[in-house]
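Right, one structure below, let's go through it.
Chain nomenclature is as follows: A, B, C, D, E, F, G and H, assigned in order of appearance, with residue numbering initiated at 1 for each chain independently.
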Amino acid sequence: MNKSFLKEILKKVKSGEIEVDKAADSLKDLPYKDLGYARVDHHRSIRNGFPEVIYCEGKSLDEIEGIVAEMLKHNNNILASRASKEVYERIKKIAPDAVYHERPKMVFIEKNKLKKTKSKILVVSGGTSDMPVAEEAVVTANALGTKVDTLYDVGVAGLHRLLGSLEKLDEAEVIIVVAGMEGALASVVGGLVDKPVIAVPTSVGYGANFGGLSSLLTMINSCASGVGVVNIDNGFGAAYLASTIILQIEKARREG
Amino acid sequence: MNKSFLKEILKKVKSGEIEVDKAADSLKDLPYKDLGYARVDHHRSIRNGFPEVIYCEGKSLDEIEGIVAEMLKHNNNILASRASKEVYERIKKIAPDAVYHERPKMVFIEKNKLKKTKSKILVVSGGTSDMPVAEEAVVTANALGTKVDTLYDVGVAGLHRLLGSLEKLDEAEVIIVVAGMEGALASVVGGLVDKPVIAVPTSVGYGANFGGLSSLLTMINSCASGVGVVNIDNGFGAAYLASTIILQIEKARREG
Amino acid sequence: MNKSFLKEILKKVKSGEIEVDKAADSLKDLPYKDLGYARVDHHRSIRNGFPEVIYCEGKSLDEIEGIVAEMLKHNNNILASRASKEVYERIKKIAPDAVYHERPKMVFIEKNKLKKTKSKILVVSGGTSDMPVAEEAVVTANALGTKVDTLYDVGVAGLHRLLGSLEKLDEAEVIIVVAGMEGALASVVGGLVDKPVIAVPTSVGYGANFGGLSSLLTMINSCASGVGVVNIDNGFGAAYLASTIILQIEKARREG
Amino acid sequence: MNKSFLKEILKKVKSGEIEVDKAADSLKDLPYKDLGYARVDHHRSIRNGFPEVIYCEGKSLDEIEGIVAEMLKHNNNILASRASKEVYERIKKIAPDAVYHERPKMVFIEKNKLKKTKSKILVVSGGTSDMPVAEEAVVTANALGTKVDTLYDVGVAGLHRLLGSLEKLDEAEVIIVVAGMEGALASVVGGLVDKPVIAVPTSVGYGANFGGLSSLLTMINSCASGVGVVNIDNGFGAAYLASTIILQIEKARREG
Amino acid sequence: MNKSFLKEILKKVKSGEIEVDKAADSLKDLPYKDLGYARVDHHRSIRNGFPEVIYCEGKSLDEIEGIVAEMLKHNNNILASRASKEVYERIKKIAPDAVYHERPKMVFIEKNKLKKTKSKILVVSGGTSDMPVAEEAVVTANALGTKVDTLYDVGVAGLHRLLGSLEKLDEAEVIIVVAGMEGALASVVGGLVDKPVIAVPTSVGYGANFGGLSSLLTMINSCASGVGVVNIDNGFGAAYLASTIILQIEKARREG
Amino acid sequence: MNKSFLKEILKKVKSGEIEVDKAADSLKDLPYKDLGYARVDHHRSIRNGFPEVIYCEGKSLDEIEGIVAEMLKHNNNILASRASKEVYERIKKIAPDAVYHERPKMVFIEKNKLKKTKSKILVVSGGTSDMPVAEEAVVTANALGTKVDTLYDVGVAGLHRLLGSLEKLDEAEVIIVVAGMEGALASVVGGLVDKPVIAVPTSVGYGANFGGLSSLLTMINSCASGVGVVNIDNGFGAAYLASTIILQIEKARREG
Amino acid sequence: MNKSFLKEILKKVKSGEIEVDKAADSLKDLPYKDLGYARVDHHRSIRNGFPEVIYCEGKSLDEIEGIVAEMLKHNNNILASRASKEVYERIKKIAPDAVYHERPKMVFIEKNKLKKTKSKILVVSGGTSDMPVAEEAVVTANALGTKVDTLYDVGVAGLHRLLGSLEKLDEAEVIIVVAGMEGALASVVGGLVDKPVIAVPTSVGYGANFGGLSSLLTMINSCASGVGVVNIDNGFGAAYLASTIILQIEKARREG
Amino acid sequence: MNKSFLKEILKKVKSGEIEVDKAADSLKDLPYKDLGYARVDHHRSIRNGFPEVIYCEGKSLDEIEGIVAEMLKHNNNILASRASKEVYERIKKIAPDAVYHERPKMVFIEKNKLKKTKSKILVVSGGTSDMPVAEEAVVTANALGTKVDTLYDVGVAGLHRLLGSLEKLDEAEVIIVVAGMEGALASVVGGLVDKPVIAVPTSVGYGANFGGLSSLLTMINSCASGVGVVNIDNGFGAAYLASTIILQIEKARREG
């Protein structure tokens, strides 16, 4: 609890400007409001321009509509993930400016035009089948106002395509690597750069891939230092983590 | 391969300044040397002040001494991880200024005084038994020239200790969370901040911890966005990843 | 076998009040009837007001109707779990007063009005998607006559919501924590109270959640003492266990 | 934060009894102190007579001595778990009244004579090899002031021994079942009683027991309702959970 | 290869009774024909009255019809397992006397009336949901000519039902225990008898049952000696193994 | 409880031959004594000549001596498994006729000369390293009075050795297959015979054998019907199960 | 980069035959083009007659048509795997000469008549249900121009069928073993030959097969040397690996 | 059985050249001897110059000496794997020309000077710690008479070292990749060549490597076609498989 803020209230109590009862009421909930600065969704979106987010899987159409309606009141941007076409249709009814991204199954409502960051993320992906996850990362980055570039279809079985694009690796501040099957791409990219690499294992593969476990273990065991791993198929999480890094970089850029 | 550099050589060939054979020789290996900028160990340490690193586990005393001796020639800083006291004694013979950090089992040889970064990492740990891993992160950060602060013994079973130190979370640019047992600390911290959190599961625990698997799964499944996970007990890797983030922040700070 | 009861019979045999043959018959099955006090379904419901329970998954509509019809003869309350809407429709035909709880998929037939306990359970849940399991616990508690309160949507990624409701934790005698994803909520709640906490991992989550295994391991490894874990998604089991605790508390309250 | 307490302070501020600055200071830290009631170790032991606990595994002799010395200042009872004989010898030097329990490897220092509860736990165990874990539960219960009885060596392969002791099951308010190998005992006991059963899987067994995983899965999947599971070999945790239940029962007994 | 048989042929060769070429031909394939006594399907069914068996899962209707048609030529009994109703309809077209067992999804065509064995198997099962597997064992036993009795719904959570039927356990030569969830029934039965017990884990259960893995591990780790385990849901395999035991018993009965 | 036995007592009560109180006493414990026929260790050994068994792992030398001393009073045969040489030395002090089997680490005390069964077990093993487990089965069979033959070193990688010994497979009533690495031997043997096969996976192997899990899974999934599996390295259990089968066969032989 | 090729260019630069700028341009991309020889799909198919390959699972009909259309431009052979009938219909529209292999779900477009190799692969499979995978290997081999023979339905439970076909094992240069359930066939075949054996575990089986994990572990742990394993159900991969071996053999045959 | 060989014997029987009895004797065992051509150890070594092999782990010094002594009689080359220094000392006593390879713990006795093959294997390894496994492959290849080259320390985290040695990849007929940690190297190499790649996962690594499981899964899931996998740390098996490939290549080279 901020001391100067407290003193101000107390002074007003002393001077009779505020009644004891009303002051007690407002102070009572303060610590949690104070804590609340952390993650109260509305506050967060105001503070750093991040949108409000709904994870749609396992929620009914009615529930989703209700949540979106509530969110629309605050006029913030809204990002819905794992949203089927049906979900989109429903959201569109109350938010006609909602845009649907089909492959990553995301809906974005841009109430406030975002100014893109100067620093940038590069999303690198292995094969065509990793695309939905890669694009979940791209759409998320866009919705968070983070500049983002892509380098697709550069799996380790065709290394020359990756090596032919080294400049792209050079230009980004943070790199997200999306890869299924054996997930070796994270190590290869991690070995080529000295910047933060966020690895997203995907459930793409068959046989002993075991729903992405194989890629996850590969990436967690990466012999290349500087690689952090998020959950299987979690393109959203990777872009979110990358964006918190970019946020720190932009802040430093502004503040010197 | 840089075109202007190439043209320069070709012009010299044309003018006869360089012989065809010698030019061919130097061009032949260029692509790989060119790639080599990526991770040639000596070059990297020069470029960003990072030390050369040896992972000692599974190497004989003789092998370690050989590697250190080779490294000493380049006058770079040297960091040895998973180094027993015996390893330290051996290294000390050829590098009398080597310092031993007992709990995290690391040896550091600081040939060039490091200038600490302005941005900073905070290492948060759960219990006393997570300390060796937490300190591996601290010593690594120090060896990489990254400013680092600590917040120990704030496990989720005593939440008030963590909540009483919110300011520390505020002051750092990147947070490393080291936790064993059920590893819930990463989610709690991830929920309190909007900055990059790097989670290190530890093998501390008993019963169904299964050598850290439990903490690893907890952290990978974290419901808090913005959390990236490294391998079990990999304090080094966490600090390395955090430092690559700080590197980008510092660069932005310099360049604006 | 109760000795005084035995003596009474033997005396009647001696006095000729009961014939040897009839006495032998009634004694023959006694041990198992005696054991039977344990869990003979009808007896149990009489003894402590617990309803008779049917687990519907994997049973045909005909089988379920048959079991309910049989149970209705004893005029006890009946609770059907994992019951689809179809199952409900079928049950309703022979028990028109059956009530359907859609989210937790439970049917309750309250033949005898239950008197609620004085002590109370608090069901705490992490996210919206954990609601079906949380409500399975609530409906079960109600059907068992146990007073129950709820505290929903207080996941660890938004800790302030939990901290703002500490009083609820204070008021209950037993706390059930329902949480998916990484399941950290059980440890956080377990660290805030000194009362029995029953943790229910849910299969909510994606990627490396592996059908609830991740939450299960987290909860089993909880660094907070005083946490007992039931099976994944087993809201019924948690409420049942909690109710046996409340039963003991109520008994002590009555007996002093 | 308690409103009446707040109002009292505010009134004193208004009346000039307390200075604004001092009031601000005391209010500033209040929320966390307020939270602190939860688990500040010393406070907890005062509140309910529970001892302070040290988990010794992975701590050095010096660290353990330091912690015990610190704890001794508050004159509370102290319980050290997973303590080798060496650990005991060291503790004894500064606490000559420390008692060592060899099989469960626990040290207990009883500074304040405990008054045993009226309600009671029954610790049931399968085979001779489960004894260390069973006795960890017994010693813990004793150290927490909880009355405890035992029923050993009643594995399911010799069911008659269990069935011959049904009265013991009847007399206890909470039952702890300790079992390794296939862990079936928990289900059998759970099927015989209508009271809380806490199951402790042990790592006893060989072959496909996989360090207790087999027993853990068996117990978590128990077909008997009313069974909660703690970590493998965690006799301490089971007794702790059981004691929080007994605490609620005793409170109800006192308060009616 | 039988020496006396060989000598006979050789003598005929010597005497000119058989030509060298023809003898060579018949000897050439002998070793494999000789081996062939082992499991050539038709031969086996002749030898011990066992039917020919088709595992239908993963085979097309056409393939199944083809196999059955081929088998019908030898006039043996035929047993089809994992057969959907559709499969049955198809088989019925070419084998009008085929009988369908709906719950265990088996088709039996009894071309030769089987004489039941004197010794007998008892199939014990835990809950209603284990019935399909239990009945797969029963139908298989019947098809193999093995006498079979049943004891259903005697799960460990209601031990009295099992204890009330000890005579049935006494009367059988081999016992098959079918149980899902935690699979503890196998240990309990194994502890009550001194005869071969064959345990069949079922995939019945939810949460951490993991498709039967939990029951499988429980049964493999059984603390009761004399328990052999077959694959999850493999009622057929259990009855087959039991029948090979009965075969040896019957042979001993005949031969003395 | 036997009805005729009950009637006899009741008649005596009626006639005054037995006093009510004494009759009540003797009836009170009857059900459990009745159950007790099942597995009271001494009774069992009397009934079928089986020895009393001690599993030594995890028991102290004193505990083992105590148990053996107690057992010696009943003059039964005694078999101690997983017994180190030290254990043997200790047992020998109080039982000088104890014999030590070094490879399988078993001690046998033959108080009553056993008469071997007519039917016989064949123990088949894969490689030299499976020998300790194979011999645990052999010594156990011997101690149980079961005739036993062996066929060692016939792993599937050298099939001709197995095929050269088909007669041995023919002569036994029950076959035990002991195999590590990939455990394929059980399927091969199971495919060659139509008699009960008991498979013992061993922990022999390296790499992805995972302590016997690989062999266990292989054997449980055997495509050959008629194979039952016991725990990893559990030679004792296999021989015990095989001996209960032989017991039934011998009984049939006697009774016809 | 090839030195002689480089010298040639440099000489031309020196002589003025090529302009500096144009030479620089062509050299600039050379390293990656040079690397590109490795796996640029078109080049590869030209070099060794291998077709271009599309893995259809997870790709939309439109995407697949697009890729095939692109591939058709180079007039190479095209092989599509995991192709549903629908996929085939779509491909057929733009490639009327496409042939569909129903069981292994593969489409082959043979633009250039392949000349079969002299050396040959033998595909051995266990049961009828392994056929789709076995035929995926056969069709792949055919599409790669590799001669291929088959030996189906020779599972270890009917060893005589395998032993009766030893000549087929003799005639092939490389053997592919396709087997599900317990996968023992690979070891048996590996023990019969001294030539490369490629093992393909299949997901055929039930119960504890765990989607092929059981067969995979069996094959990886094979006690027979000379066995290499590919992914579960990966008939394509096995045939591809086998064909690279045949390629080397044919090359040696040509070159001597 | 060879028909012409049979006819020859039969003719001799007819002519009286061989007696019926003696012929019967020799024919009796023929089928197994015939099969025996497959893997009778001595025969194999004669046929293709392969040495006899002993796997020493789990064998006593006496057993090993016995086996070696027996083998020495046939004057073949002998290779002992997993041999400690102690084992070597013992072997040396009876085979003074035995050579010890310390890192891979192998003993080789070269009784017959081997002629190296023309084709060659390349052993590629990731890090220093993979060396023991890599050298096990090298020593094995040498002992089998297979020419072998090495390319060490080319892990994916330092890709330039691998790319700088593409010629070595070009020159070999078969490539063995030895890699621990995340095992990505196999995919990278597999993507660079069109020749058989044999991947050996090693148990090198820490944390979530789980004794090599991580590398094993990575390699099995390799997105590069043409990769076959052997067991964890099984350098011997890889070299053996590679050598059977080379054998086929050499044969083709000779025969054309």
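Here is the rule we use: a contact is a pair of C-beta atoms (placed from the backbone, for glycine too) under 8 Å apart; a residue touches a chain by one contact, two chains touch by 3 or more.
If you want to know which protein each chain is, UniProt gives these names: A, B, C, D, E, F, G, H = 1-(5-phosphoribosyl)-5-amino-4-imidazole-carboxylate (AIR) carboxylase.
Please read these numbers as outputs of a predicted model, since none were measured by experiment.
Steps from subunit A to subunit D, minimised over paths through touching chains, total 1.
Note on subunit C versus subunit H: their Cα superposition corresponds to a rotation of 180 degrees, in steps of 5.
Separating the CA-averaged centres of subunit B and subunit D is a span of 40 Å. In whole angstrom, the spacing between the mean C-alpha positions of subunit A and subunit F is 60. Here the spacing of subunit D and subunit E, counted between their Cα centres, is 50 Å.
Listed for subunit E are residues 31-32, 35, 38-39, 157-159, 163, 191-192, 207-210, 213, 216, 220-222, 225, 231-232, each touching two or more other chains.
Chains touching one another, given as pairs, are A-B, A-C, A-D, A-G, A-H, B-C, B-D, B-G, B-H, C-D, C-E, C-F, D-E, D-F, E-F, E-G, E-H, F-G, F-H, G-H. Against subunit F, in their complex, subunit C makes its touches with residues 1, 3, 6-7, 10-11, 13-14, 16, 20-21, 23-25, 27-28, 30-32, 34. Against subunit A, the residues of subunit B that register as touching in their complex are 35, 38-39, 44, 47-48, 50, 53, 119, 163, 166, 173-174, 191-198, 216, 220-222, 225-232, 236-237, 240-241, 244-245, 247-250, 252-253, 255-256. Only residues 128-129, 157-160, 163-164, 204, 206-210 of subunit A touch subunit G when the two sit together in their complex. Remark: subunit C residues 126-127, 155-159, 163, 181-184, 187-188, 190-192, 205, 207-210, 213-215, 217-225 touch subunit B in the complex.
For subunit A in complex with subunit C, the residues that touch the partner chain are 29, 31-33, 35-36, 38-40, 57-59, 63, 201, 203, 211-213, 216, 231-234.
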